[in-house]
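Per-chain numbering from 1; labels A, B, C and D assigned in written order.
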């Protein structure tokens, strides 16, 4: 099981995240591509840091919405989704190659990620974008109870998938995340470590109400905007490396 | 001698240029990359058109200035210029490859082009960007009396150059373009054809005051925003093909 | 019954619409405020033209989406809607006052307009924005079968309303507009004039299937992006002035 | 002598500055207007905070350059400068009035401020913008050895001026600021307090080389991005209130 984090989310003069603190501990960095965060200089610096720490890099494309940090859903057409993804993925890939790095995967950001999980037409457009890129792209998406369905869709589209779970978020009984606004949504350090351990040993999480939810997981995500998560990252790394 | 034109300069719902009319006649299309014009869908459509007509494609990167159409000079740092160029060139290249096209060259747009010709530090940053891309990039710039100097700079930086002249613009005695605001700056159809013929047969242009100015020229540009130029494009094509 | 048109929708170097042709014939110009179209210079020029023709001006605010021309729905929070409206309305009002013009009303644009008509929470946020501005603002919205409900909502919020109908669009039996993609959605010149005449004399339109739909209408809109509408504007003006 | 600070420079999800810490101590808040920082929600929140602390508010307009934080010079035309200023000032003013606040002055930001001080045509365009607004606007600019010349220009244009000095920056012998990149450019707390005291009692500063430079100063600025300045703000306040 890999450890991934969303990075490179500063913008121009504005700083966000704890990239330097996190980078030494993770396997995969999902890097903002300029549409919700990550101006070209920030992208360049983030790639340099990833190269230094031998971290695999993914593109973290978003709806075109700097002011809303890509967290507001937008009704893009299928063509707009495909073109926006190709644009952002290409931009990061060329910059990565210029630092001797290969792009390993694509993980949509924010509202685009949520819409991908919730809306079949958005997901189909994203699969199309992965499949019509000049070389096969691997898509990272959330592991849910519908993972088999998504795997089937990916097979049909010819797109390889990576399933992720969240270390720092509590799950509802239906396998969705408890909304951030609800009590118990964000895990404490102890809960986080316990959840990662359970994902690793039992491919499951325990829901807010105590149910066991089985999840196929390739990689676990710690949110860069969760201070508790960032502070626990070394412990999570040790846990994943442990045997 | 090749024939090039700046294309793909529509943006979202706004239309600009005569891409469909011009594409059948040109050898090289310099395509906007989203910073002064050319949203992702427009880029995709422009590339499709270039593929259909077997036109070589170039990236046409600019200062980040949609409102100003990249025509306003901006004091970017060396790092900002390099990162902005890598971002835009990469974005176009990945999208081009996804349509089976290879990127042939880079031609800076508008104020960035002018600053490249006028300011040594801007030009050096652009050379650096070309040289530090993951594969060698060819830079298109204006042929002037200083072409030998620029060729030398390119050699030192390890950057291959393409020199262009303008079909539709009148030259001053010093080899610079007569400013658009001045009378005689924009050529009529007859002047345009005569200038292309002279470039082709004598590697020179005749200045506003009648002087002969020798110019090393690999490619001649017709501006897409010059209606006279657009209407004469078939005639210029015939002239270049003629023998 | 007044005649209104959406204007000032050029942006930087991109031209859109037929403002100069339309302005002499209309009573009310809804002017883009920079979030979907209308850079500051365009706003200034549009206001100058409105002043010359004694046209009442309205703010035409939108979701922040230049690339999508404000036609893509975005999930803004209530606070974001209010702040975005105050920002855009204020920007236009100060510029209008600087040309001796008073702002007469506010008409949301594109997806914001559609969401206002379709979603109660968006409409409530817009009413709040109108009511919490430093002086009372009049809101223009679509006249539908639910006009009485909207009038009631407006009364509660303390917001004066203007109801508009569309000259160039065909209505469905439920009083909504037939989607542009469907046959018969856009009226020919004759249909347009007949619809305006019926609105004027009978406060009603005839639906696609032939039903009579009663509509309370203060103002009739001709879309600036409908060439047929633009060409018929003088005839509509004559019809409205007729007696 | 008043105390001013540049505030409201967060943007969307990105936080910048120490507005809440600074606001209780200052007389004048120069608030970003959306072109270099300050989205509409941020502007609203900043105005609320200013209202709470009875701080006079100024508009802090900039070149349109979010990515560059308005710190990159741009060659805007006279018309573009005027329209951009009217747009930003109007946007802030309407939002301020909606919170019961009146706009007290305008202070250009970053590169626009520097260009105003260095380039006569930029300064003339800014004076024009102040004079052609619907009501007289007061302009804040840097107090230099040329203050009398600027006062004369202001009188001719019909624009009232406020001159400011910087608490946290060291002056060169010619009355300009020592560039940030040079040693000694940024004052320590002690130097800062001494400089404010000297400005207050002697209308002068001591240059890097020890010269006395007389300065007419209406207001002293502490930069919000200077942590030392922010930490000293209570002491500066006490000093200005001195007893």
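The rule we apply is simple: a residue touches a chain if its C-beta (ideal position, glycine included) is under 8 Å from a C-beta of that chain, and two chains touch if they have at least 3 such contacts.
If you're wondering where the values come from, they're calculated on a predicted model, not measured in any experiment.
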| item | value |
| --- | --- |
| Fewest touching-chain hops separating subunit B from subunit C | 1 |
| Higher-contact pair (C-beta pairs counted), A-C versus A-B | A-B |
| Centre-to-centre distance between subunit B and subunit A (centres being mean Cα positions), rounded to whole Å | 39 |
| Multi-chain contact sites of subunit A, meaning residues that touch two or more partners | 39, 67-68, 80 |
| Residue ranges of subunit D touching subunit A (in the complex, touch as defined) | 10-16, 37, 39, 66-69, 71 |
| Sites on subunit D touched by subunit C in the complex | 34, 39-41, 43-44, 79-80, 82-84, 86-95, 97-98, 100, 132-134 |
| Subunit B-touching residues of subunit D, taken from the complex the two chains share | 64-65, 67-68, 72-76, 80, 111 |
